[in-house]
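Common to both upcoming complexes is chain A, partnered first by chain B, then by chain C.
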Partner chain A sequence: MAVNPSQEAVRGAPGEPRSAGAPVRQSSLWRDAWRRYVKNRGAVAAALVFFLLLLYCFAVPGFWKIPGIWTSLRDVDPYQIDFPNAYASPSLAHPFGTDNFGRDLFARTALGGQISIAIGFGATLAILLIGVVYGAISGFAGGKLDNGMMRFLDALYGLPYLPFAIITLAIVGVVNFWTMVVALSIASWFTAARIVRGQIITLKQNDYVRAARAVGARWYRVLGRHLLPNTLGVLIIAIFLELPGVILGEAFLSFIGLGINPPDASWGSMAQDGRDAYRRAPHIIIVPSIAIATLVLCANFIADGLRDALDPRTRES
Partner chain B sequence: MALLEVTDLRTHFFTREGVVQAVDGVDFSLERGKTLGIVGESGSGKSVTALSIMGLIPRPPARIVSGSVVFDGRDLTALSESELEDIRGKDIAMIFQDPMTSLNPTLKIGTQITEVMKRHLGVSDEEARKRAVDLLEEVHIANAADRLNDYPHRFSGGMRQRVMIAIALACNPKLLIADEPTTALDVTVQAQVLDLLEELRDSHEMAMIIITHDMGVVAEAADDIAVMYAGQIVERAGVLDLFDRPEHPYTEALLGALPQIEGEGIREGRLTAIPGRPPDLVDPPPACRFAPRCPYANRNDSCTTEPPELREIRAGHWVRSAHPASERAAHAQGAPA
Partner chain C sequence: MTAFIIRRIFWTIPVILLVIFMTFVLMRQIAGNPFRQTERAVPEAIQRNLEEKYGLDKPWYMQYLLYVRGVATFDLGPSLVLRNRTVNDIVKDHFPNSIQLGGLAFLFAVVFGIPLGVIAALRHNSSVDYGAMAFANVGFAVPNFLLGTLLIYLFAIRWGDTFGLPTSGWATWKHKVLPVIALGTGPMAIFARIVRGTMLETLQQDYVRTAKAKGLRWRRVVLVHVLRNSLIPVVTAAGPLLGFIVTGSFVVELIFGIPGIGRYYVTAVQARDYSVVMGVTVLLAIIIIVANLVVDILYGILDPRTREART
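Right, the complex of A and B next:
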C-alpha cells in the first residue's frame, strides 16, 4: 500500500526550519493564564497590594534595622515597651502610633502580619492537603466507597467551624503556630475535598485517562500522572479562596483571646488590645483591622482573577 | 486456532431505568493478520463490545453477564484486573475516536510514548526514547527526535492520531482495536490514517478490529465485516460478499442509505433513510430486534415470536434474519409455480 505522507509531516520535513509554513505560536497553559490574569485590573492591583503587604510584613522589620539608613529614624523593636509614649497617635517617629505599652505599632503590625499570614497559609495548605487526599480517594475509587465517604462528609458539613476550632484549642490547651493550624483546618477541609473530588471525577471521563488505562497503566500511575497534575489549576484558585476565611478565623480566635500568646501578636490579638482603648486611641484597633480587611479583600480579588485565568469554563474566547 | 474468539458475549448496564442490554450475544473470531470491521449505528453496541474485550467497561454500572473472550488461548473475562493491565497495551492495544482529547495535555508526547514501553517491556529510558523516535518515524511524523519534546497542543488532529497509533504500537501488540479511528478527522486525513493502519498491520503482523459507522471505512480496510444492530451481530461476511450480496434487510438498508454521486442506479432527490428508530435496549423487541423497522416482517411469521439465530446462509456468510435476501428471491421465484 502506497503511503501518503500527510501534509503536516511534509511541513516539518528534516532540514527545513520548523517555522516554515504556518508557524506554531508558542503558548503554554501558564502563559495563557498569565495573559488573562493581567487583563483583569482589579486582580492585578490586588496582587500588587498583596505583594506590598507581604513585603511590609516580612521585610520592613529587617530594613528598619539596617544601620545608617533607618536607624537614624529610630531602631524599632516590636517588643520594646515605652510607657511614657503609650497611646501615642501616629507621628513621624511612630507612623502607626503606639499601643497601650508604648510599643511601636508600625513594627508590631508587621510582626502580627507575619504570624497571621503564616498561620493563614499554613492552615490553608493543611486544608488542601487533607482535601486532596480525601477527595482524590473518593473521586477516584467511585462507587460505594465514594458514596460512603461523601455521605460522611455531608454529616460533617453541619459542624460549625469556629466553635470546633475553639473546642480543639481548649482540648489541646496549648496555643502556638501548629495548634492554630490544626484548629483552623480541622473543620474546614470539607469544601476542598468536594472540589477535588468533583475535579477528579470530571478528569476521569477524559479520553486520555481511558487511553492510559488502555495501555495498561496501573491505578496509582493514572492518579498521580494523569489526574492530580491536572487539578493544580483549581488548587491554586482554592488557596486564595480558603485564605480569607482562615485569616478571619485566626483573627477571630485571637480577638476572643484564644490566639497567639503575648508578647507575640497577630492582627486579631492586636485588635483585641485596641478594643479596651478604642475611645482614647482608636488607631490601635483601626490599624490591624485595616490590615486584615486589606489582606482578605486582596485574596478575594486574586482568587477571582485566578479563576478567570485558570478555569477553562469561565474563559472568554 | 484463531487469535481472538468471542463467544456469546453479553454486556449489560444495570441502571436505575432497568437493564440495558448493550451487547447481547455477540460471536466472532479473528485470525492473525486479518482485519475485522464492526459496523453499526450509534448505540448498536460496537464500542461496548470493544471495551468488553479490553476489560475497560465502566463497572458499575456495566457487567459482562455471560460469554467468553478467548485471546491467544486465555479467557480475558476470567482474568483479574492486574492480569488484564499486563495485557492491555502489550498484547492488545486500542486507539480511540477523538485524538484531540486522547493525549494528556500536561505531558510531553515523548513521555507518553515511552511510558508504555517502560511499563510493559522494562526497557531503559534511553532505549525507550530511541524506540519512540523509530515509532514516530514509522507513523510518518517528521523531525521525530525533536517532536518528542513537544506537548500535544502543538500537534494537529491527524498528527495526534498518528501519535496515538505510535503509542498503541509501542509494544508490538498482537491485536489493535481502533474505535472509530477516523471519525474525528478531516476527510483528507481519514484516508491517510486508514492507509497507515493497513500498512502497519502488515508490517507488525497484527490482527485489527476497526469499529466504525462508516461503510466506506470498512470497505477500504477490512477483510471481514460484522454488522451490529441493537447489541447483536445481524450479519457477518467477507467484505466483498457483504457489499455484493447483502442478506440482512438492515444491511441492505444501510447500504441503500449511502449517498452516491455517480454510477448505475443513482437515485435522485432526497437521501434514503431507514424508517423508525433503533429499539430501546432496556426493553428490546421480543424476537427479531429489527422487526419493527423491517419491510419484510409481517405479523404472521416468526419475526415477532421467535428470536432468529445467526445462521450460515452460505460458506462464510452468517445472517440473523428470517428473511435474508437470497431466500426472499428463492421464495419469489417459487411462488408462481
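Right, the complex of A and C next:
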C-alpha cells in the first residue's frame, strides 16, 4: 500500500477502468438531457420562436449594412425620421407601421430588441455571477457563516428591485448598457444565491466529494473541480428563470422614463412612446409589448423544459 | 417554536439596519444637492443654515444614527424640496392609495388565481388544464403597461359608454376596477401556476390514496386532504408576490394617474428629494421584511415539519 498515493494513482485505482471517469458520464448526462428536452414539444417550439426572435432582432438591422443581396431586402434605417408618414398603421411598406416620428417600427423593434435582449442577458449573467459567489461561499463554508448569510437572504427575500434600480440609475446619472445591468442586478440576485447554495449543499454530501477530500484535495480543488461544475445544470435553468424578470424590469424602467435615452430604443422605451399615442395609433405600444410578451413566454417554457431535462428528480410525474 | 419565532424576529433587526444603511450609502452617492440647484440659488450663509437645519453638515455616521432613530420613532424627517411638508405627510397622502391598489390586486390574484390552479390540477392534461395554463402563461408574460393601456382603450374609450369606466383617477370604485385588473393579473397567473403544481404533487400522496380508498366522497378528499396541504407552500409565495406587486404598482399608478407612492417616488428621484426617496425606500423594504417574517412564522405554524429544519 502506497504511503502517499498521488491523485492520478487513486483516480485509476478503484475497480473501474480509467475510461469510466468524469468526461464520459458528463457527455451522457447532456445527451440524456437533450433527449428529454426534445421530447417536450412546448419547450422545443419555445426555443424555436426564441431563436427566430433573436434572428429577427440581430439580423434585420444588420442586413441593410451588408452590401449585396440583403440590401434590397429591407434597406430601412431605424433612426430615419419621416413626419408625413408618422402614426402609419401596418402596411406592406411598414410591416409594423411607423411611430410618432414616422420611423419604421419593423426596423426599430429589431433595434430595441437588440438593446433589451443585450441588457437582459447582461443583467442575468451579473445576477448569476453574484449568486454563484455568494451561494458558493455560504454553501461551502457551512456552519455559522452559512447561517448568517442565509438569514440575511431570508429577510431580504422578495425585496422589490425597482426602487433600488431607480436609485442606482439616479446615482450614476448616466443611462447606458452597463448602468442598466448594474441597476437591474443590484437587488435581484437573492434567488440565484439561494439556488446555488442549495445545490452546493446537496452536492457536498456526494461520495465523490468525500473521496476527493479523503485523498487530500484542497478546498479550492473540491469547490472548483467537483462542486461548481456540477451547478452548471441549475445555472442554465436559472438563466431562463431570471431572464423574464430582468427583461420586464428593463421595460418598466424605460417605461417610467428612467431607461434608455432617445434616439436609441428598447422595447420599454418604445412602449412609452406608444403610450402617448394609444388612441390614435395603438400599434405603437402593442408591437414592442408583444415582442416582450413573446420573449417572456418563450423563456418560461424553455426554463420548464430545461428543468425537466436537466433536473429530472423534480419533474412532475 | 417560540425559539424559532424569537430567533427569526431577532434576525430582522440587523437586516433592517443594513437595508437602511445600504439605502443611506446609495443616496449619499447621488450627485447634486437640493440646496445648490442653480434655479434656487441662495446666499452662502442661508445655505449653511439650511444644511445645518437638516443635519447635512454632520459627519455621515451621525446622519445615519439620527436617521435610524427617526425611523424607529416613525419620523422620516422633512421633505428637502417641499419646505413645509414632512416625509410623513407625503407618505400619509399617497401611501393609502397604493396600499388599497396593492391590496385589491392581491385579493384579485387570490380570488381568481387559486381556483384557476385548483381546476387545472383536478382536470390534469385536459383541455381545461391547457386552457387555464395558457391563460396563466400569457397573463404572466404580458407586461402590465400593455394590459393597462389596452384596458383603458377598450373599456374606457371604445366601449366607454357601455361600461362607464373612467380612464384615470382614484376617486370611486369605478376608477379602481381597471387598475386592479392590470396590476393583479400577473400575480394571479403566478398563483395559478404554483397552486396547480402543489395540487398535482399532493394528489400523488399516499394519504390521498388512503382517503379515496376509505370511500370518502371525492369533494371531501379534495377540500380536506388535498387543498389544505396544497395551499401551505403557496403561503411562501406571498412574500415575493408582494414585491412583485410593489414593482408593478409603479407602472400602473403612472398609467392610470393614481396619486400613489410609486408615482410620487419617480418625481421625488428627479427632484432630488433625498429624504422622500430614502423614506419611501426604507418603508417599502421594512414592509417586505416584516411580511417575510410573518410568512415564515405562519409557515412554521401551518407546517410543523419546517420548524425543526429552520430553528
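In this text, the second predicted complex is superposed on the first by the 273 of 317 C-alpha atoms of A that agree within 3 Å, B and C clash if a C-alpha of one lies under 4 Å from a C-alpha of the other, contacts with A are read in each partner's own complex, and residues count from 1 in each chain.
Everything that follows uses one rule, which is that contacts are C-beta pairs under 8 Å (C-beta built on N, C-alpha and C of every residue); 3 or more make two chains touch, one makes a residue touch a chain.
If you're wondering where the values come from, they're calculated on a predicted model, not measured in any experiment.
Visitor: Considering only touches as defined above, state whether A:213 meets chain B (first), chain C (second), both or neither.
Guide: first
Visitor: Of the two partner chains, chain B (first) and chain C (second), which one does A:152 touch, if any: first, second, both, or neither?
Guide: In the superposition, A:152 contacts chain C only.
Visitor: If we overlay the two complexes on their shared chain A, which of chain B and chain C does A:251 touch? Say first, second, both or neither.
Guide: In the superposition, A:251 contacts chain C only.
Visitor: Does chain B (first) or chain C (second) touch A:226, or do both, or does neither?
Guide: It touches chain B, and chain C stays clear.
Visitor: Between chain B (first) and chain C (second), which, if any, makes contact with A:271: first, second, both or neither?
Guide: second
Visitor: Looking only at contacts as defined up top, I'd like to know whether chain B or chain C touches more of chain A.
Guide: Between chain B and chain C, C touches the greater number of residues in chain A.
Visitor: Enumerate the residues of chain A that count as touching chain B in its complex and touching chain C in the other.
Guide: None.
Visitor: How about chain A: which of its residues touch chain B in the complex?
Guide: 1-6, 8-14, 18, 24, 27-29, 143, 206-208, 210-218, 221, 225-226, 229-230
Visitor: For the complex, which residues does chain C have touching chain A?
Guide: Interface residues on chain C, with respect to chain A: 11-12, 15-16, 18-19, 23, 26-27, 29-31, 137-138, 140-143, 145-146, 149-150, 152-153, 157, 197, 200-201, 204, 239-244, 246-247, 250-251, 254-255, 265-266, 269, 272, 277, 280-281, 284-285, 288-289, 291-293, 296.
Visitor: Under the stated contact criterion, what part of chain B meets chain A in this complex?
Guide: Counting only chain B, the residues touching chain A are 54, 56, 60, 82, 85-90, 93-98, 101-107, 115-116, 119-120, 140-143, 146-147, 151, 153-156, 158-159, 162, 164, 167-168, 170, 189, 191-192, 195-196, 198-199, 202.
Visitor: For a test of understanding, state which residues of chain A touch chain C in their complex under the given definition.
Guide: Result: residues 151-152, 154-164, 166-168, 170-171, 173, 244, 248-249, 251-252, 255-258, 271, 274-275, 278-279, 282, 285-286, 289-290, 292-294, 296-297, 300-301, 316-317 of chain A touch chain C.
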